[in-house]
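Sharing a structure below in structure tokens format, with a few things to ask.
Chain naming follows the written order as A, B, C and D, and within any one chain the residues start at number 1.
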Amino acid sequence: MTLGPDASGVYPIAATPFHPDGRIDWDSVDRLTDFYLASGATGLTILGIMGEAPKLDAGESLALVRRVLARTRATPVVVGVSAPGFAAMRTLARDSMEAGASGVMIAPPPSLRTDDQIVAYYRNAVEAVGDDVPVVVQDYPLLLGVVMTPAVLRRIFQDLPSCVMLKHEDWPGLEKISALRAFEREGTMRRVSILCGNGGLFLDFETERGADGAMTGYAFPDMLADLVRLAKAGEREAAHDLFDAHLPLLRYEQQQGLGLAVRKYVLQKRGAIAFDAQRKPGSALSATARGEVDYLLERLARRDARAGA
Amino acid sequence: MTLGPDASGVYPIAATPFHPDGRIDWDSVDRLTDFYLASGATGLTILGIMGEAPKLDAGESLALVRRVLARTRATPVVVGVSAPGFAAMRTLARDSMEAGASGVMIAPPPSLRTDDQIVAYYRNAVEAVGDDVPVVVQDYPLLLGVVMTPAVLRRIFQDLPSCVMLKHEDWPGLEKISALRAFEREGTMRRVSILCGNGGLFLDFETERGADGAMTGYAFPDMLADLVRLAKAGEREAAHDLFDAHLPLLRYEQQQGLGLAVRKYVLQKRGAIAFDAQRKPGSALSATARGEVDYLLERLARRDARAGA
Amino acid sequence: MTLGPDASGVYPIAATPFHPDGRIDWDSVDRLTDFYLASGATGLTILGIMGEAPKLDAGESLALVRRVLARTRATPVVVGVSAPGFAAMRTLARDSMEAGASGVMIAPPPSLRTDDQIVAYYRNAVEAVGDDVPVVVQDYPLLLGVVMTPAVLRRIFQDLPSCVMLKHEDWPGLEKISALRAFEREGTMRRVSILCGNGGLFLDFETERGADGAMTGYAFPDMLADLVRLAKAGEREAAHDLFDAHLPLLRYEQQQGLGLAVRKYVLQKRGAIAFDAQRKPGSALSATARGEVDYLLERLARRDARAGA
Amino acid sequence: MTLGPDASGVYPIAATPFHPDGRIDWDSVDRLTDFYLASGATGLTILGIMGEAPKLDAGESLALVRRVLARTRATPVVVGVSAPGFAAMRTLARDSMEAGASGVMIAPPPSLRTDDQIVAYYRNAVEAVGDDVPVVVQDYPLLLGVVMTPAVLRRIFQDLPSCVMLKHEDWPGLEKISALRAFEREGTMRRVSILCGNGGLFLDFETERGADGAMTGYAFPDMLADLVRLAKAGEREAAHDLFDAHLPLLRYEQQQGLGLAVRKYVLQKRGAIAFDAQRKPGSALSATARGEVDYLLERLARRDARAGA
């Protein structure tokens, strides 16, 4: 089972559960994996930025990959392998694929500037991990500072057949989805899967623009799955009603640095993990902030019962 | 009438109306000023970043200041005077104050890095514009890349009495408001006005954390005024209900680069300006994007009649 | 007299002399202009970054342009018109050309990232200043963070005939000069003038790679003129001997932020300006640093008598 | 043998030799280690940025540490352990110390902005590697974008006793050395070792300002050792004569990105490594650039016979 250009649905960016003392909480890894699968996830993405991947060492990373893969079985798993250098990227990518992963995700390093540098980076990355490994291109300028035009993405996808998916989290980014789908229609770019990140903040319209689904870690992956399903079914009003109900909380979770604390706090409340701890350096919620999240959940529960559970 | 540390309410970041050929649309300047005043604005902020200030030359900037001031009378007007150098800043600040402005707003240049550089910059800026001119400190790391800790802001406010207001648009930023208000309570910082920007994306909680109101350009300043009023009155549920109704549109407007096109499009629809044109280089809405905004307005109108007008 | 693609020699980046209290020192403006002309300059560049241009307001900038032009007569003068917006850029450019300038220099704003953004920026800038105004494209990634590949520069020069010169200060940058000259030889790019900045730190080899000369503010423009002349005459050893003699001082002057203080200190010692003052915010030399410059001048004087004058 | 605050002399930033196909060239690792030791190095620094550390995976990094340590015996070795996260940093640091390293070097991640963030980062780093491990603080704003004031460095050194050395490569940076030494004299900061990087471009004056030596990778570490010795002996003229003779080449090597290709080319010519290859992504010298280096070596050989060998 490998990742292909027709992937769709929801691939949650999995949180990585820790004990309060910083050790990986393996029981919660299992529980959280089950939670994602039960939420209607069509795939899973582990070792992403919001999975605190850079805080794990090489051994821990591979152990996490194996632990999750032991549980997901038929569900495809994408492993984030972004690294400062290609040797480390290759090692984790090859080991992950051998362990049963379906593909890898690669973000560009912040130092890239020119169009040619970006394309060359992905060419080198594909050479490093091997062109038999399906690659997700992560396009996240807000955090990484690397700006990829639609034309640059087209060059990457045309030059590198193993790049099969775009993790789209440009902001603003709706026109980029339209531009890429227009390339496909006019025959200048082959079909790729587009899953959207950025906390889901524009997922209501991203699906309408042609995105295939979501790849983000919002603490209600079940809502994301419902939304993608409704959008595909053409139930526009129902999709927006559901999205709008969640937007106040979703927006609150979409805070750089702090957002992961919100997410883990809600995941913990939902019973998906035992602790909301982050490994150092992490952010923490003040009592006031926890109260705000509780209040948002309470308000949400009036429109979506899952928030009250 | 000068700006003081007790300023509160809504100071809209005024858009600058242009004709489609790029000339300033003076009639719309008047109409838009009237619109803001009628919306319940307690003040006005002109020549902000979202007012396309950097696109005006020195003569146009001063002409705009005078035009608006001729109309606002009792309502205080803050003029953005951020500039690459202090001489241009001083010239615009002195001329604006002479014309009747109530204060000036100053953003730090993106090159600043260390705490001391930031404090020194505001010291130099105050010296440049004159310490008799009330200053609004603009704290906008997302766009400017300059990160001011609460302690640095305290140093600025303690060292420079003419700095009377914080335009707060850090993100995440709720804890910063709490930290500054705690400084005041513990007596280590004098009282300053805190008005919030960032498109209002967290205004529901910012008011609860101690902000005095909003300084942002969302195309429904009347909603912002209502929200601040409800929050001050302690009507929490009503405040959140109103905010949540607007959040889908407000969020759509909060798109870097594209947001101003959304804002001007809605302002035009509301009759506040004649054209939604931006001076070059500007962003433009695709037909699809305009349709999305229309759809959001339609949905909003079900809960706030002003969106259907 | 307008700037053309065959310009060569040395166009010093003129310092702007100030009184210790921050006023422009007009007498020294005249004296310094005479000094540059007497040093063998084939042109002059005013209002560059190292000319403290951002510290002048609009009125002062134009006054400086007129003052210098009143004195230079047959020598072409390039005016830096970089600005946060096109209206201010246009105003200064048109006024300068009317006053007798030969061309303008435009640096890209630090926010530009993609190839297309850079090309579009210069297209808009040329439209703003008018396509009858010769333009110098400033390529200075170290300071501005904007990286222009040779292919992007070619697009600019091919699309925009009024762009006639490159102020080359990429670092490393030797291969870029070779690449552009190769484009010319293979017929894919028309001829442009290439003058080198970056303090002259690689001018010994830049001239060998095909640069037409220097556009930098090193306090010995007479040395730069000699070097360019020797290089053109094919006197390689003599050129390098002269360059190497100056390199310790030239390198000392090439310190971001501090370099201008060194430059003005030496210009003052050479009698070209009355004060080494910078307008705020400026850097200043410590007593130790002045002693180091004195020592470098003393050592240099053994090989170039001009340093002992 | 551990690193202490009295370390001095030259700790070359060791290049990492590769075969043309990208494998580590272990024979050259040995040969290069011997070369550094024979050059008068008082210590060695491996896995620095210019040692292509980010291109090695975890296993290779540790293997390199062990290989070098097997050869250096009495000479202290500093290991660069900078990493995106603390777990990887800790693993490499502990394993290296166990293998016999004398200390570790840690550079701040480019995302740090405020003074407090920088101090907190080093506090967390020291906690991660263990406070029994001597730490070199790398201060390299040109590349990393993190600006540490003298006061911030003082906070780090006062708060964290295991931080015993500053790798100083701020630019301009002479005043920073003076400021830190003044802190020591006035008793507000304990003594730390200061070794200078930045290619050695200001080493002539850095030693005079109070630096203890060099930690940089210039291909003539023997010259660096002589220079530091002459400076300590107070032979100012001889030190500058030697430095100035090397400056044209040293400056040529100090080109971001390209410099390592120059360095490895010269090291290869000097017989210290078998190939000048870099692991991908690497820079390469054009034939013209190689000719320029040859020419510089030829000119240098007239004043320093080692360049002609």
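The working rule: a contact is a pair of C-beta atoms (placed from the backbone, for glycine too) under 8 Å apart; a residue touches a chain by one contact, two chains touch by 3 or more.
Computed from a predicted model, the values in this text were never measured in an experiment.
K.L.:
Regarding the chain A and chain D pair, does the interface count as same (over half of residue numbers shared) or different (under half shared)?
P.N.:
Counting shared over all numbers used gives more than one half: same.
K.L.:
Pick the pair with more C-beta contacts: C-D or A-C?
P.N.:
C-D is joined by more C-beta pairs in contact.
K.L.:
Please work out the Cα centroid separation of chain A and chain C, and write it as a whole number of Å.
P.N.:
47
K.L.:
Rounded to a whole Å, what is the gap between the Cα centroids of chain A and chain D?
P.N.:
That pair's centroid distance is 38 Å.
K.L.:
Averaging over Cα atoms per chain, report the distance between chain C and chain D in Å.
P.N.:
Chain centres of chain C and chain D, defined by C-alpha means, are spaced 33 Å apart.
K.L.:
Hey, what residues on chain A touch two or more of the other chains?
P.N.:
Where chain A is concerned, no single residue meets two or more other chains.
K.L.:
Graph shape for the chains shown, where an edge means the two chains touch. Line, ring, star, complete, or other?
P.N.:
Topology of touching chains reads as complete, every chain touching all others.
K.L.:
Contact residues on chain B for chain A in the complex?
P.N.:
My answer: residues 171-172, 174-175, 178, 201-202, 204-205, 208-209, 240, 243-244, 247-248, 251-252, 255-259, 286, 288-289, 292, 299.
K.L.:
In the complex, go through chain C and note every residue touching chain A.
P.N.:
Residues of chain C touching chain A: 113-117, 141, 145-149, 151-152.
K.L.:
Which part of chain C faces chain B closely enough to touch in the complex?
P.N.:
Residue list for chain C touching chain B: 52, 54-60, 84-88, 90-91, 110, 120-121, 124, 127-128, 279-281.
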